[in-house]
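Here it is, the structure in full.
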């Protein structure tokens, strides 16, 4: 047997598992960072190897910081996984403030016993998402919790971005008469995840729509820097809850056209089967925008010209309403309130 | 409300077990309660069980009747 | 989706709406009760109220198996999970129904109870097979639609000799509930509560057939139209009820012939009678004790009866005093007549049965209809 | 009974518990944010109510971003709790890059069933720590995981800060001949937490040293802007592991004086009892600095003049060593290697 | 800390060091084995090697109850947790000892085994009381020091009639191990391995007294000095051994008189004989099967014996082929003689017994001593 | 190594249970194995049990002997 002088037995990425030592801050933790995280995310900032990352920003801009925890179960689902999600989700929250995302920080909470092979899959997927989006993961942290006190891996990501001059995007900016735009079909992410849940399992080709929306936002702001008033990604709680949030924040009402809201037939079918409403299902690659009426057409055209906005549509109008109701003219010809999600959306039998 | 939905029976996969299709998704259901259902039938699925079947002819007649003048279409089944 | 999309056609809806406007006599009020939450849901979700003439009013009945589940029954399920250490399996719908001590199954789970949501009774069986060291109880709720799958699960467990599986049976019967409403003093005294007819259950009728409703039509002189749960089905059923009222008929008509026959699903009925028998009385939330309105497990399957197996004793628990559900379910009051509607009692913190599931009268009004109580200006600029 | 028109039943902060609905993004989630988080952390950025927070920064500075997950058990311990820790920890990681911390983002992962009263305690403690430090929590996120898939509350915080001109602090900057300074006694945090662990319980007056070190850092940089080469807070893995990290990162060795390293008698006693070594015990309010020899005296004086550095001492010297060993002259008169922590530090019987 | 700090005084250490330099004959080599990991630890932690004359060499013996635990024994504990579903309680030390299939107790816990670290056997008893529905096994390791508390726990469980508690007994005996080393061919053949004397156990001797060592001194003509675990104790013991060698004496001397008497703790000894009896043979990691070197639970307490209760069969498992632990434990080789020291075999991934606990010869050399193999320049600038 | 440590017995709190003090921390231990130990004694604590006691006079003598010439202090106990 010949052993190299500085040989260190590498992480067993095939059969190894996370143990408490990987979170204890010693040599095992350092090895995990080097052989897994650093290798996958490799960039100059992370290579600084310090408690945080130091970076420059273009002068004179406003900054945006956004954070999200990612706790999806199962960790892997059609169209994505918790890793890609954690990158896209935070890029999107930064972008929804009208900003160009620059950097991401990632905090991992690992459960003792989590297979290193799965962790590697997650980390590689994050790395790919970050590379593709051009938003590097520049600093991070890893903790390990005891078996039964976590769920494989939780990832909290925080993004930082810069807002261009003249951009003023906020959920508080909607005004009566504004136009509500939606970037595409709703409900795929939530249904793709549900389809993998034990005891709900069904076969479908629906894949999560998880995607980084910052380039779409850039195209929209290019079309009208000041006409885009609100941007929001309808994640948890779905389109319905997101629009209610905006209505309340801006002190307005909304009137939607059900017929205008695009839903894939498979998503519709899954919702019928489980007693769910696509309006309340999570999306991870869609955005809703409120635009000044005079800019709406240009913004919509810019969305449609972007690969992530090909199915963009105008779905409604902002109204004056002291109760901040989101209402909807139904495809059937009636009208109803589209309320906030109440509690958790559970599959129903009645 | 007893959520139930018509779905196309596309394959029998075992005793009292079948695959149904609905808007492009497939799901395994029990057919123990509809012993006469055949592939090609539309069964009504509730909590993972087919509990009844759609009669296509009746469906057609119902659609034709909607909003017609009373008696304008063949009368629906009426119990005295 | 075939047999679904065609029954949601807005153009046809306009046609039925026009017929209704033409046929509903302007000089009179029509009040119909849709017994089922499924119909309530369709009315809310598709905005059907807007399409009905102003003098046609729909009263939401008690037809939601979750809403009618009394506190004491949820308490039993919680007791099984928290005190007896059983794995309690149940449909998602029951998870948030309020129980005693500010609990619910969701909250009991948060306190450490092993409570699992299942999609089917079959899944509960599977959990029992996978956990031979644990008692697994299926908390079975539902009307006649949902009962046959439970019967099937019990019979399967019996055939397999599955020793750790049992069922907390809360299956209830719709005809008894409708009778109970019709027997209530307010409804009996003609004029107090004007129920001019019933939209009869859709999926329940697939199993039991249309025949069981003939009794009401005769006995109580009320028209019944069995209708599907799609919005066009509901509108057509209302049109058919208006016609019966106009013509003075009190018949059972079947709008849902594509799925409902007179005799129903005989296979399912046979299975249900093999496994279950009538309970002498059962408490309905909002209605109180209703005689012969529910099922229990037959002695032949006694070992699968969680009530016997764990020696559970039922203890009724009163609803919030302010709650008007009883009156609402009988059509005597509306949700907005309740002092705590939308404030203390909300879908997040339901106080009474009508707020429990989204099918409940109060919940449906809260989520879909409350804008109608308030004038909303919709101004589209430029 | 009279009910106000817009009455909403408040969160039951006394007996309520987290349920899945609080994480589903609907009305319950919104209520939790408003009545608990917003109220406690209240500031103009959080009140923006958007997916992220927009803020200005002083022109022309380098920025620092640092993130840490906080998973301590028990959540409350003598001298602190996970809330204070999550603020201090991230402020410290930002400060250890030589930066002035500006803002914090917080991501909460709550376990179903977690008592709201305990959550409030944690959140209030975070709010107090953030106020005291002058570093507001400007954006956040809350997720809920099922009972048995979390452990009460996990908090990932991310901090952003600005680096003054001329400051260049990095773990890679230590050079042979540099002086190693320590800001005070070691081991209190880890021992305070251990003292509460079931089956290890012992009675002690030791309290966690958890503290925000950014003002101490500011004082040190004031004393010598370019003489402070490395700053590091010896958290997980303790002083020993931190110094090994620096030695490796800078490609140097170190020689410590055991006699110079201050340890409280109670910490010493607890370590004797449990078979632990104070050098490997976590600290949450201490820092170690590597300074240019000519600046060391001034920096040490500045530390001693600061309330958090009253017991600051010089503990050793940076050496040239191709193996990057941290060595220690023992109080007893011998010499030994002070290695990385190996695995997890567990109480021992032999 | 009284009775601790005085025994760590660096000034006194210099005084002993000076005596040693004065008395150790320059023309000869002194090789002493410290049997106990406690002494190894003191030597490493306080840097004692630096204070000894170059011709006095310390050989680390097998005196760490964790290091000597063979793979097959850990496998049994893992089997109890993963296959038998028992709650396995154990001291923190055993958690990371490598077992078969790349497992260890830590890793078995990560795979879902309910494995809990306890500080005391009493805590395991408490866990058994709190979990009446679960089997609770205390995985008991340790030398004579640790055996009496285990005996006490078994007797307590017996008196309480605790039906779900048992002990996987791996308690071993130090005198047998020392005899085994002295009986090994390398040591027997005078000259092959020069062990000139032993530093005898400290805390073990509190319990068993100094008398049991007299046998070696006579039979094998080797001096023994029983010494405390503080650094001054060790240095003084080395001085005393040098004196015996110089004077040609082979006696048992007691440096640790403040805690060790000739007869030891009779209460503890009586309790141990009540509960335990000798095993005919027991495998030690690195040493192989050693006759009469361990204890088992007496038939009177059979129901508390996890081996009988769960019908466990011991299966020996060989160490890594490259591992030189056997030779190292006999003083024939040094850690650096092992081909995989510090590369494949590290404290993170121990391959052999000597790397398992920080008391092991290889681990101690890795963590505290390896800088001595490599010339290190220490230059302080300015 | 059998980690054990001398600690001051400061209070008997029940049958075979006592509180010991060490460097300002207090811990409950079993005294079942040292039935003769009294408050004020230093006991040697191992895995939550007192397994022996310190003899103060012997401790003093040992300290005095460290590094002395052989025979310069009263000889320690020696077995033949």
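Read from first to last, the chains carry the letters A, B, C, D, E and F; within each, the first residue is number 1.
Everything that follows uses one rule, which is that a contact is a pair of C-beta atoms (placed from the backbone, for glycine too) under 8 Å apart; a residue touches a chain by one contact, two chains touch by 3 or more.
No experiment lies behind these values; they were computed from the predicted model shown.
Using the contact threshold fixed earlier, the set of chains in contact with both chain B and chain E is A.
Steps from chain B to chain D, taking the shortest chain of touch contacts, total 2. Counting steps between touching chains, the shortest path from chain A to chain F takes 2.
Greatest Cα centroid separation from chain E: this falls to B. Should one ask which of E-F and A-E has more C-beta pairs in contact, the pair is E-F. Greatest centre-to-centre distance from chain C is found for F, with centres as Cα means.
In this assembly, the C-alpha centroid of chain C lies 75 Å from the C-alpha centroid of chain F. Centroid to centroid, with C-alpha atoms defining each point, chain A and chain C lie 37 Å apart.
Once the centre of each chain is set as its mean CA position, chain C and chain D turn out to be 54 Å apart.
If you average the CA atoms of chain B and of chain C, the two centres end up 21 Å from each other.
For chain B, residues that reach two or more other chains under the stated contact definition are 1-3, 5, 22-23, 46-47. Touching two or more other chains at once are residues 19-21, 27-28, 146, 265, 268-269, 272, 275, 342-344, 348-350 of chain D. Residues of chain E in contact with at least two other chains: 1, 4, 37-38, 64-65, 91, 96, 106, 119-120, 123, 142-143, 146, 346-348, 359. You'll find the chains touch as A-B, A-C, A-D, A-E, B-C, C-D, D-E, D-F, E-F. Those residues of chain A lying in contact with chain C across their complex are 175-178, 199-200, 253, 255, 265, 268-269, 272, 274, 277, 293-294, 317, 319-321, 323, 325, 327-337, 339, 342-344, 346-350. On the side of chain F, the complex with chain E involves touching residues 1-6, 8, 22-23, 30, 32-35, 42, 44, 46-49, 51-56, 58-59, 61-63, 65-70, 76-80. Partner chain A is touched in their complex by these residues of chain D: 19-21, 23-30, 48-57, 59-60, 62-71, 73, 92-94, 96-97, 99, 103, 105-109, 138-143, 145-146, 148-151, 154, 156, 158-161, 163, 170-172, 232-233, 235-238, 241, 245, 249, 280, 282, 340-345. Those residues of chain E lying in contact with chain F across their complex are 1-4, 6-7, 12, 15-16, 18-19, 23, 36-41, 63-65, 91, 119-123, 142-143, 145-146, 148-149, 152, 201-204, 206-207, 210-211, 214, 217, 229, 232-233, 235-236, 239, 243, 251-260, 262, 265, 267-268, 271, 359. On the chain B side of its complex with chain A, the touching residues are 1-3, 5, 7, 22-27, 45-47.
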